[in-house]
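For reference, the structures are reproduced in the following blocks.
In the two complexes below, chain A is the common chain; its partner is chain B in one and chain C in the other.
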Partner chain A sequence: MSDVLIRNEPVPETQYVAAGVTISLAGPMQRYALRARRAEDLETVFQVTMPRKIGASEGGIACLGPDEWYLRTEAGATIPTASGLPVAITDISDRSICLVLEGPRAAEILMSGCPIDLDNFAIGRATRTIYETVEVIIIREAEDRFHVELWRSFAAWFWIAMTTAARH
Partner chain B sequence: MILIHCPYCDEKRPEIEFVNAGQAHISRPLDPSSQTDEEWEAYLFIRANPRGRHHERWRHVYGCGRFFNAVRDTVTDKFETTYKAGEPRR
Partner chain C sequence: MTGFRLETGGRVDRGQTVQFSFDGKSYQGLAGDTLASALLANGVMLFGRSFKYHRPRGVMAAGSEEPNALISVDRGPGRFTPNLRATGVEIYPGLKAVSQNRWPSLKTDFGAINDRLGMFFPAGFYNKTFMWPRSFWDKVYEPAIRKMAGLGDAPTAEDPDHYAATYAHCDLLIVGAGPAGIDAALGYMDTNKRIILVDEQDELGGGALADPALWPWLERSHKALIDAPNVTILTRTTAFGYYHDNFIGVVQRLTDHLPELGDAPREKLLRIRAGEVVLAQGAIERPLVFDGNDTPGVMLSSAARIFANRYGVAVGKAVVLMASHDSGWHDVFALAKAGVGIAAIIDVRERVDSALMHEAERLGIAVHLNHSVMGVTGRHSVRAVQICNNDDYLGRRIDCDAVLMAGGWTPSVHLWSHSKGSLKWRDDLGAYVPDLPNENVVCVGGCSGDWDFGTGAIIDMLPTPKDQSRIKAFVDFQNDVTAKDIKLAVREGFRSIEHIKRYTTNGMATDQGKTSNLNGLQIASSALNKPVADIGLTSFRPPYTPQTFGALAGHAKGALFQPTRTTNIDSWAQAHGAVFELVAQWRRARYFPQSGEDMHAAVNRECVAVRSSVGIFDASTLGKIEVVGPDAAEFLNRMYTNPWKALEPGRCRYGLLLKEDGFITDDGVSARLAPDRFHLTTTTGGAARVLNMMEDYLQTEWPDLDVWLTSTTEQYAVIALQGPNARKLLEPLVEGIDLSAEAFPHMAIREGIICGIPTRLFRVSFTGELGFEINVPTAYGLALWQRLMAQGAQFDITPYGTEAMHVLRAEKGFIIVGQDTDGTVTPFDAGLDWAVGKKKPDFVGKRSMARPDIVAPGRKQLVGLLTDDPNVVLEEGAQIVADPKQPVPMTMIGHVTSSYWSEALGRSIALALVAGGHEMTGDTLHIPMPGKTHTAKVSGLVFYDPEGARLHV
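Let's turn to the complex of A and B:
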């Protein structure tokens, strides 16, 4: 029996520093997949305005599809449940990890394997896409800062891909 | 790289984000047990294979996740148009 739960991260917890970019693991956070036919129902549950345009993000909520949103909040936060409305709220906090790429070369390094034109990807935009063969969600937090959400089982490989691209 | 216009995302996205899901506008018979073997065979297996204009289902799997329909030329591989699932054939 262990008294302490140890969190094992799939990638190094120390920041990787290369010319023009740093790559680091974001701290733990809560993640939820939100599904609803009507965005209004989720707005009633969460008391926030849901972004309606696919690819838009607002207040930690990204609109990924016509009936799908991705919510990220700080670790330990609680969210409303049991609304009685036709919505699905699924806790997927530990399914993914988030890598933070920061620096003037961040977009270039992501584009080493991602087909999206990130030079023309507005700040605040969020989208599901692909890096090589791995599904990722890319969120542009700032001009020089991207968050990449990906399933933790792919993280060790993705870390190698990112740090290798950063070294070149 | 081919860019495909996703009617849900309403923008052109790289082909690698999509998968082809076969011929479009094939609906499952509402009452399968009323079908003859030949009708059921046609529903399950018989597909068009035109040279030229072809209606196909595609899915923006690494994107919004949605299925939609497309008209693609099988000779030139050019997409003529794409439209949302449920909209009439173009």
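Let's turn to the complex of A and C:
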């Protein structure tokens, strides 16, 4: 039994193309929930500068709350997990998938069910919000490109929601 | 003039005729017509039957305030829309419209008998008449009334259309694109504001569409707005509700006006958050109240002008105006100019502006001042009016085919009112106008009372020599409320307009009293002899006009109705014929029937496989929370009933979670991975609730603790391997973990590698057998499951579902929170005393355990039940009595919470909550079920392998 196990993703791995937008599954990555009372403690552990403003993101780390950060990095990266400092580093690499919405209609498609004003959502901004009833994290990677992180079990539903909105 | 179509004028396309049908008869209209204008052009006056009296009704208005001309449009199966206003239905080739509330036909309606019996249907008729006997409510009154009442038929087939939805944001939302709304948009066009301009009609312009002099301005303005990049124009779009913080519900109709539907959504719901709102909803003309004012052909004066100037349709060839306001005179002058024959102007006032008199004289129109219409001749259409002098009631007859009512104007304050803006009464207008805003909103134009229609007299109803108790002078046309109904309500003691409204139903129809509220108020004011402002005003509520359920649902239908959560292994279960059940939002495999098996047979086979060899179960939906930080153990020690601080890394513990009231709310097995790291599990349905509860305590009660919670439910796919062969199957696949009983005992956790993938491997059991729960990163769940199925073939590995899982755990007396508990069960009631740390100074719920009713005897306690007939499987939920011979109603002492056939035991087993149950072991109880009362003996909770020999191997 030397065959390696293969990953099974909840949405098609081929890109969905509609007028003005493409929707595709981002490749596997490592994700961590980082929690600490003091950002400095995480900076000591990771040797990076943590973004301090809620909604800001820097170097793959998004500040989602007063004591909460979301780290995304490439698959296979080595991440410290124990430190002795009062921090919590939890592996949630497979908790979510990331859908990439790209194209001039990307914001419009997201706004079909997300109440955020994306006209006033700067590039680099990240936030935890909802699409209809489902929690998502939206990261604006570029003017016309968004990353949407959502829990796997909702992904099949969300794929239909996105592609339906894209068709309309 | 052909028929009633004027030779010239209007915005309709005279080069493009449109065939459509009404009640099966074919008609021709012009592109740009509404159903109302096209039928009027064909001389059709009769559009429908009224709600209560089934009186013949025509068109009263030209816009969305229309109360009478309600019709249905049939676009094929599932596309039947009732109660549409003919004034808002745009015609297209092939449009099929039908009238409503009539049988057998519009002209001959048997229900019209109600009109003859009108004296028996006063206000409050239903309340007074159908009180007794009580037994008639359901069987006689309600079915009969339902058959008679109502408007169009509700559609029965499933709606095949789809509907779009979105959120939208703007700095300025303008509702209404009449001159005031367009001016507002033009005024802000050159700012950097994002502007959305919505209007319910098919083109911009509002009142300007009926004023050809304004058309060049309208065209210029329209073009300027289209060219402005910051302005979004939405026509056929209704702002139906105004909610908190400038949140406006808006529906855009996309395909209802098209001959071919195509694939586009029918409507789109826009949930708009606006920085600022300008309401330019305009004003609605007020009808006059007189006998026969609902006869087809009696309509608002402004509507006649719209039909002539916008649609090129004459509403009659000899038209009479009944006015109390100058605006009607201007309308009639415009009609005369458009070529409509005017029979007379009647004005209730003694004096009017001399300029109006001169213009009437110049046009050769007969004028009767200080006169009123006292009656209308004609049933399906107007043939004449009787008018009388207001002082001496001397009358005369004027032949005519249409009567125009000009009773003044009512500002449309609906959305303003939704937003909780206050209103003030203006005596000069006889209307409420916006006063102080509650949101960032302003009203402009007609809806703020700002108009140049001239002046008028404010009257409750026209003077008449007739006995007012014998005439039908309508106030609310859609709900068939007459002036005498309102007066009756006042005589019967109602004083507040809120009560009068509900008693008479005035203003309660789908038109929300757009044309009736103010007349109703005036009549009540006169009857009570109190100023209008003293008797209150009723509230407007969304929707402004009726909206379809489809539009409000938006995307949320079919597969998108609500998310169904699926595990990584779901596709395998689907492919292997699983029968699913929904658990919270999750779809879970309930059992895996093989060919020919029913549920009973499949579950028995699955249970036997687990007890005899090995079963495999998808436990991915179990809630998981990772608790990390120096204070993790302290935190869990405070949350759970049992002690956690001394738990060694690598070991697991059953955790019982109470609410503050001392009742069980969740449970699960949790593991300590490191001194500062725990892996908690919760029930499938409790995952979100437990995380919220823990966060709540952490943030509000113990913010000093250095510990953080992360949901890891979806980080891991969880595969349970249960059965005596579980270890043998697992051993060759695992690296870095010694699976031997000595090295890896029951209730332990190890981290290692399985099939090349990192795993958190639990040795736990919810079945009473040797068991493991393999946690791997979710994406590998399916592949690992398939590998285990292949590798397990040598042991006849058997996938089992939630039903077998339930049976297996019940055989061991393991509870399911929410099934064997109901939110009023303490640990002691459930026989879980052992899970409560007696020495712990505190934990959530501890103090409540000393409450008098929790320590009192006779609480319902969880026990086992073994039926005397081993083949009888009790019904879950069945009630339990001590003595079946007691008189009915019997005292019920408990109920069955879980009940199954146990193949392992060859008999049925059950769990039950029974008052004082722990003291009843061996007693016989009685369980009445359909057909028979069964007997059962109270037993302990553990039915199978009570000493746990099978577990510790």
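Note that the second predicted complex is superposed on the first by the 166 of 168 C-alpha atoms of A that agree within 3 Å, B and C clash if a C-alpha of one lies under 4 Å from a C-alpha of the other, contacts with A are read in each partner's own complex, and residues count from 1 in each chain.
Note that in this section contacts are C-beta pairs under 8 Å (C-beta built on N, C-alpha and C of every residue); 3 or more make two chains touch, one makes a residue touch a chain.
All of these numbers come straight from a predicted model, not from anything done at the bench.
**Student:** Which holds for A:Arg95: it touches chain B only (first), chain C only (second), both, or neither?
**Tutor:** After superposing on A, A:Arg95 lies in contact with chain C but is clear of chain B.
**Student:** Taking the superposition on A as described, I'd like to know which of chain B and chain C A:His168 touches: first, second, both or neither.
**Tutor:** In the superposed model, A:His168 contacts chain C only, not chain B.
**Student:** Could you look at A:Gly55 and tell me whether it touches chain B, chain C, both or neither (first, second, both, neither)?
**Tutor:** After superposing on A, A:Gly55 lies in contact with chain B but is clear of chain C.
**Student:** Among the partners chain B and chain C, which is in contact with a greater number of residues of chain A?
**Tutor:** C
**Student:** Per the contact definition in the header, classify A:Ala33: touching chain B only (first), chain C only (second), both, or neither.
**Tutor:** second
**Student:** Would you sort A:Thr127 into first (chain B), second (chain C), both or neither based on which partner it touches?
**Tutor:** First partner only, chain B.
**Student:** Would you sort A:Pro115 into first (chain B), second (chain C), both or neither based on which partner it touches?
**Tutor:** both
**Student:** So chain A touches chain B in one structure and chain C in the other; where do those two contact lists coincide?
**Tutor:** Of chain A, residues 115-116 contact chain B in one complex and chain C in the other.
**Student:** Considering the complex alone, what residue numbers of chain A touch chain C?
**Tutor:** Touching chain C from chain A are residues 1, 4-10, 28, 33, 35, 37, 67, 82, 86-96, 108, 111-117, 119-120, 132-134, 151-154, 156-158, 160-161, 164-165, 168.
**Student:** So in the complex, which bits of chain B are touching chain A?
**Tutor:** So the residues of chain B in touch with chain A come to 1, 8-11, 13-14, 16-17, 62-66.
**Student:** Going by the contact rule at the top, pick out the chain A residues touching chain B in the complex.
**Tutor:** Those residues of chain A that touch chain B are 54-55, 64-66, 68, 115-116, 127-130, 135.
**Student:** Along chain C, where are the residues that touch chain A in the complex?
**Tutor:** 162, 164-169, 194, 264-265, 268, 271, 273, 555-556, 559-560, 562-568, 571, 585-586, 626, 628-630, 674, 706-708, 710-716, 732-733, 755-757, 777-784, 787, 791
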